[in-house]
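See the structures that follow.
What follows is subunit A paired twice: with subunit B in the first complex and subunit C in the second.
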Partner chain A sequence: MTLVLAADGRPLKTSLNRALRRQKLRALMLIAPLLIFILVSFVMPIADMLFRSVENEIVVETLPRTVATLDGWDSESGQAPDEDVFTALYFDLVLAAEYKTHTRLGSRLNYEMTGISSLFRKSGRSVDDFPTNNYTDVIQAADTSYGDPAQWAAWMADDVVRAALPMTANIYDAWAKMIVDTEEDLPIEEVPWDFVYTSLYLEVMEGADPPISLDLSTVAPVTLRDQFYDVDKDWLDPEVWKIIKIYSPEYTNGYFLNSVDRLKGPEGVEVRPDNEQIYITLFIRTMIMSGSIMGMCVLLGYPIAWLLANLPARKANMLMILVLLPFWTSLLVRTSAWKVLLQQQGVINDTLVWYHSTWLGQFLDPIFMGFLNLCYAFVNVITWVWNVLNGIWGGTDGLYMDWAVAGFERLALINNQTGTVIAMTHILLPFMILPLFSVMKTIPISYLRAAKSLGATNWTAFWRVYFPQSIPGIGAGCILVFILSIGYYITPELVGGTKGVFISNRIAYHISSSLNWGLAAALGTILLVIVMGLYWMYDKIVGIDNVKLGG
Partner chain B sequence: MKMTIKLMATTCLMLPATLAVADGHMADEMTIVSWGGAYSSSQENAYHIPYSEMTGVTIINDESSAEAVAKLRAMNEAGNVTWDVVDVVASDAIRLCDEGLALEIDFDEQLAPGDDGSTATEDFGDLLVSDCFIPQIVYSTTVGYRVDLVGDTAPTDICAIFDTETYPGMRSLEKRPINNMEWALLCDGVAKGDVYDVMETEEGQEQAFAKLDTIKDSVIWWSAGADTPQLLADGEIIMGSTYNGRLFSLIEEQDQPVAMLWDAQVFDLDGWIIPAGLTPEREARALDYVRFATDTQRLADQSKYIAYGPARASSAPLVAQHATLGIDMAPHMPTDPANATNTFLYNYTWWADYRDDLDAKFQVWLSQ
Partner chain C sequence: MSALPAYATTGQRIWFYSFRVICGLIFFFLIAPIVVIIPLSFNAENFFTFTPEMLSLDPSGFSTKHYQDFFSSSDWQLALRNSLKIAPVATFLSVSLGTLAAIGLSQSHVPFRRAIMAILISPMIVPLIISATGMYFFYSNPYIPTPFGRIELPFTLTGTYWGVVLAHAALGIPFVIITVTATLVGFDQSLTRAAANMGANPVTTFFKVQMPLILPGVVSGGLFAFITSFDEVVVVLFVGSAGQKTLPWQMFTGLREQISPTILAVATILIAVSIVLLIVVEMLRRRSERLRGLSPA
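Right, the complex of A and B next:
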């Protein structure tokens, strides 16, 4: 086979590839601003937020020495760790208190065990007052060089001294860094603090060789374990230490376990006690309710979209404005309007009470009641399914209204799931109508006429000819409404009462109130994965090519 | 390497700092964050306008106090704090201080002494609950009831909330464990002094939830301060908890048939914090503003516009009349002796520890 050559003598294939590559590069350059913008302002922040669901560096960063020493402690011993760990804790906590990071660590660990927050706050305040200044006084009295900052700096630059006193060198370095960072002084001009002398004392007592020999055998030792116990007796509670040990790695699956009602225990995963299990219920509830909102939107939106697509242009435009009107009204106003309408002393209930008092009401009420009980029967079935999903079999009192007994009861339409479904359906309806409308607009009405002229009934013509063509619009609308509704939290918070709130309400709470961003990120990640899973399923069943947002 | 960079960064930061402090220059513009609504306008009248007139500083108002903690943390992480002074409740201030997001204040040094000659520390007294928090007002969460819906015997104590036999009908409570659990225990026979000790135990928490169970079906849970006044005005509930200032405006300004039940009102504090990490010019300006806005006269001035008690003891005698209604404000203050016969002070340190745990349990209880 002969090679086809281009005019310049190169093989045609290579030449063509080069031209195409240049073209692709140019195209990429054109979209580069948008691509970079999306990466920087959208993808990276989200990735950063999601990363917090596993990130847990705070423990090891704040208490590095304690974490290292704690390796040797057996968490099953039922005893608090020994003096070594408390010595390490003392060094870490003095430094952390200067950097003011101990309270931050306290709030972090308080998510896992109640009381750790104040334990750290209290200890950070008292750790400076431990009587370790005894050591300082004795050492400085033994030789004045030990009270000379410049001499200390010289020793700590000397490799021989550092090798002889490894711990003191480490502590001195940390102290020097802290002096520079927080006090904005030079270590060469500052006398080291008590904890540096404490470290020196401990090493000398273990037989290390100080630069100038010291006799410290007469000094009364300070037991740091007792000092911590005096600040708060919780320091001798092995449970506190278990938590510190469990959460000492830089990465943790603890947040994810919390978000599925589990607990990271010393032996592994444990189920949370019943009175702390909430998230799985909320996930299931969010899914079911978003599904019902989506269903309501299809039921209500489909006929409206049909009207919009098939009415004469002038009327259709008018109707379109009505559809879009809610878009131009504040979300809070719309939600509050629903409160006024739905509450027990609200417009709808007042109208029903008035109607009941008229002769028409007296006549029609039994019929209405029959209808209501039919609706209740439907609700009962859903409740039953809901309970079964939650592992509760039977034991529910079904809703039933006996008019003769109850008289007229005002309906509870708000501060429950009904309220959430009604208000959210209203708010999200345009997101269903608009894609449906734009798809229906492209279906020629003559197809229906053709079907009918071929003998189809109205229903067959609609169901076999029109409806299948509108499915891409339904798909697009459903995806939009469902995804928007699982992320909504303002409306459920305002009208949802106790049983109509979503998982997103808890995410909002952890972001803005409890500051447990790790848990919020874990919950968010799970939600994201669920949505992606549903999207994938949709793609497998219906096909994503069948989704159309417009023409 | 890391150390050198940090050292260099510190020196670079320190250099302008020393210069700025040396010539005492302060920023000409500041952003003050508060809650919005009637509360913000009371601050506008009592603090912002006089301060602007005195110094020529432009004050930009931001109404983000409800999300202040989360936003400050995000700003701090991004290294770009755009707020200068932030109005937060005390529990949030403690959280911010714990997280290192708020500036620690030397109260006697950086705040004005009281008009009566007391130092700032003496004047604020017990209300200095955090090193970063400058108290501004004392407000209380208390119960309001519909005079026309409670029957012949008006409620006089907090346990009316739990008494659905004498007072049938709906009531509203805040959708969080704080206050509600204390009230539940109090009405279940626990002595006031023992409430937090009891609530520390598993059994005590169960006892509180069991008491709340007895009224669970008749409670509407609110999460916005405006909810209870609206529900009361519509006759949707017969009684409900909310902030005393909201009830004041419902009763006095909107003339609704509502009365207040001051019994077992829970005192809480609202005040200023200054974010950590401001430039020296902005920090100096923020401190100067806060010194002005929390002096004896200014705190007393605020009570002309809203029914919250000034946080300084020395301001109490200066509380005057409402700016537009012309009624005496003193009897409407939560701290007024007639109203304060039985009070609680929000136990900040206790709730800082137990909040995460009890909130989770409360949510589970709600959804059961």
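Right, the complex of A and C next:
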């Protein structure tokens, strides 16, 4: 077998492979700028959000020593931790108060237990006033070198001293860093603060060797546990410490538990108290409302798509504009239109009032009301039979509907679920019509005629022949509308009031008002997972490549 | 369906006309809310409903005062200027990067095409509120993740012009990708080979041969990207600050806090803009189909 050679004398196969590789590389080079752009401007933010939904570094960052010491505390003991933990808390809190991070930690832990926020704020203010200056005075009086900043710096650079006084070295370093960061002074020119002396005192009392020997046995010790107790009695409440201990790991599932109305209590996962359960209800409501919007869109979109698909091209194109115009009109414009129309004093209510005053309304209203009351009566009879069958004599305990509608009043169409469903059906209807239309366009109308000529009634021909073929379009449209509506924010916010809002409005609330970013991230993650699941279904049914815009 | 045959029964006739009436009502539902806004914006009073003067077509019931309000109010003018400053730049970014990538994606051998496509389309799929949340977190404190920890970048993007532009460009990209790849499906790759054969370098080939043919797709992708940025509220609410207040943002606050009839004037202007855009996109689509021989001239 002869080796086929290319023009340059290489084997053809190698040459082809090289060309192919070069082609692949060129394609990737063309894609790379955009890919990097999307990764930086879009994918990284999403990843950051996912990360934030489990991230919980704030406790261990703000109170590193407390968290480390707290390991030895038995949360089941029913007792507050001992002096060691309070000493560590003292050091951490002095530093945190200087960095002003203790209030942030307080608000973080306040999501888990109300009252912790004020506890931290109060303690941050008073922690500087603890009588630990006693230690400072005694130590500085014992030897003047202990009051010399330069001498301190020299000791703390000396490995022997550091090995003898590990805790003091650690505290001194943290203090020095804080002095540089917040006071913008040099540690070499500043006398260490009280808490550094406290640490030195404690180590000396435990038998460590200071650089210049000190006799501190006569100093009256300050019990930091009592000091904290004086600031706020809650510091001796074991529940507070349980919360700190539970939330001390760097990662937590607490935000996710919160998103499903659970609580990471001291005894494991608990259900939140009834008055704090909102998220599951909100998720279900979002689902139900998106479902009804989807249903409304199918009901309204199917006839339109059918009409457009089966009219002659010229007429269909004209009518298509009526679908595309709302599609192209700004979302805010359509929402403001509905806000204006649906108001109590808006056009729709004014029209209804006017209609009731005309002779037609005068004539039809009693008939309509009679019909409505008949419906109510019918429902009530069924309820009654149901109750009797179940052996429950319900009386009039709310199971029955009101017997009569007395008259027509202005309808409450806005700031409730009705408003959201109406406005969003209008906004998302084109997204149902367009995929339905493109599927129906491919169904030959002659199938219907064939079915009818074989003896099918109009209904059978439609239901058994046409409808099954249009199901892919319904599926595509439904998933599209559902995906879009489940994450809607603007319209529910503007026309939904309090009852007609979605989970997205809660996310926005947590970001801009309550500042509970972790919870917002967790809710967002759950929403993202739902949407991705639906999107995967959409990909299976329609395929991403078949996404079309504007019909 | 299109016409009623002569032999139709009474039942069929009734159904035919009632179906038309139902469709007419649905079209009315689609279009009426938008149309109603237009006369209401000329209301002489600060009401959101038709006054008796308007209903009797009395000229005193109409005025352009809400339009004057829009053009004289500094808030609205600032918002308009911001919108016009942000949308074109974001569109330019998404169109230039998006067209290049779409050309890359349409080549015959692209590794990981599906995965890349999924990533590029994702800004359209992910709900805006989630994009906004993520961008708000990340742009306020951007960092480079490395296996050894994150390198914090010494600047912030939230509340800056470029932050909003970046976010809007990302949101517009899927539209450019979709429209341009759709146009490239009908592009005859042998044309580029012919151009290369005649001695054109890739850049000349791109601008002289490929670009003119895919231009309709690029322009309509650009229009989609423009309208996405121009209409966008959620992300700009989170990423922007008062200095980047755009027209939709101003409308949003107007609707939420104190609804003023100026919004109706703005809405009418925006409806006019969208009608123009709709016409342009439809013309481009037909032209592109004609060029690709998909429909008769």
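Definition applied: the second predicted complex is superposed on the first by the 355 of 551 C-alpha atoms of A that agree within 3 Å, B and C clash if a C-alpha of one lies under 4 Å from a C-alpha of the other, contacts with A are read in each partner's own complex, and residues count from 1 in each chain.
One rule holds in what follows: a residue touches a chain if its C-beta (ideal position, glycine included) is under 8 Å from a C-beta of that chain, and two chains touch if they have at least 3 such contacts.
Keep in mind that this is a model prediction, so the values were computed, not measured.
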item	value
Partner chain(s) touched by A:454 [first = subunit B, second = subunit C, both, neither]	neither
First, second, both or neither for A:493, with subunit B first and subunit C second	both
Which superposed partner A:163 touches (first subunit B, second subunit C, both, neither)	neither
Which superposed partner A:344 touches (first subunit B, second subunit C, both, neither)	first
Subunit B versus subunit C as contact partner of A:379, first or second or both or neither	neither
Subunit C versus subunit B, contacts on subunit A by residue	C
Touching partner for A:334 - first (subunit B), second (subunit C), both, neither	second
First, second, both or neither for A:269, with subunit B first and subunit C second	neither
Which of subunit B and subunit C A:303 touches, first, second, both or neither	second
Partner chain(s) touched by A:181 [first = subunit B, second = subunit C, both, neither]	first
Doubly contacted subunit A residues - partners subunit C and subunit B	339, 343, 345-346, 493-494, 511-512
Interfacial residue positions of subunit B with respect to subunit A in the complex	3, 6-7, 10, 14, 66-67, 69-70, 73, 95, 97-100, 170, 175, 220-221, 223-224, 230-231, 234-236, 349, 352-357, 359-361, 363-367
Subunit C residues within the subunit A interface of the complex	1-2, 12, 15, 19, 22-23, 26-27, 29-31, 33-34, 36-37, 40, 47-50, 93, 97-98, 100-101, 103-105, 107-111, 114, 116-139, 145, 166-167, 169-170, 173, 175, 178-179, 182, 220, 224, 227, 230-231, 233-234, 238, 248, 251-252, 255-256, 259, 263-264, 267, 270-271, 274-275, 277-278, 281-282, 285
In the complex with subunit B, residue positions of subunit A that touch it	100-101, 103-104, 106-107, 110-111, 114-118, 121, 177, 180-181, 184, 274-278, 281-282, 339, 343-346, 415, 493-494, 497-499, 501, 506, 509, 511-516
In the complex with subunit C, residue positions of subunit A that touch it	20, 23-24, 26-31, 33-35, 37-39, 41-49, 52, 300, 303-304, 306-307, 310-312, 315, 319, 321-326, 328-341, 343, 345-347, 350, 426, 429-430, 445, 458, 483-484, 486-490, 493-494, 504, 507-508, 511-512, 517, 520-521, 524, 527-528, 531-532, 535, 544-545, 547-550
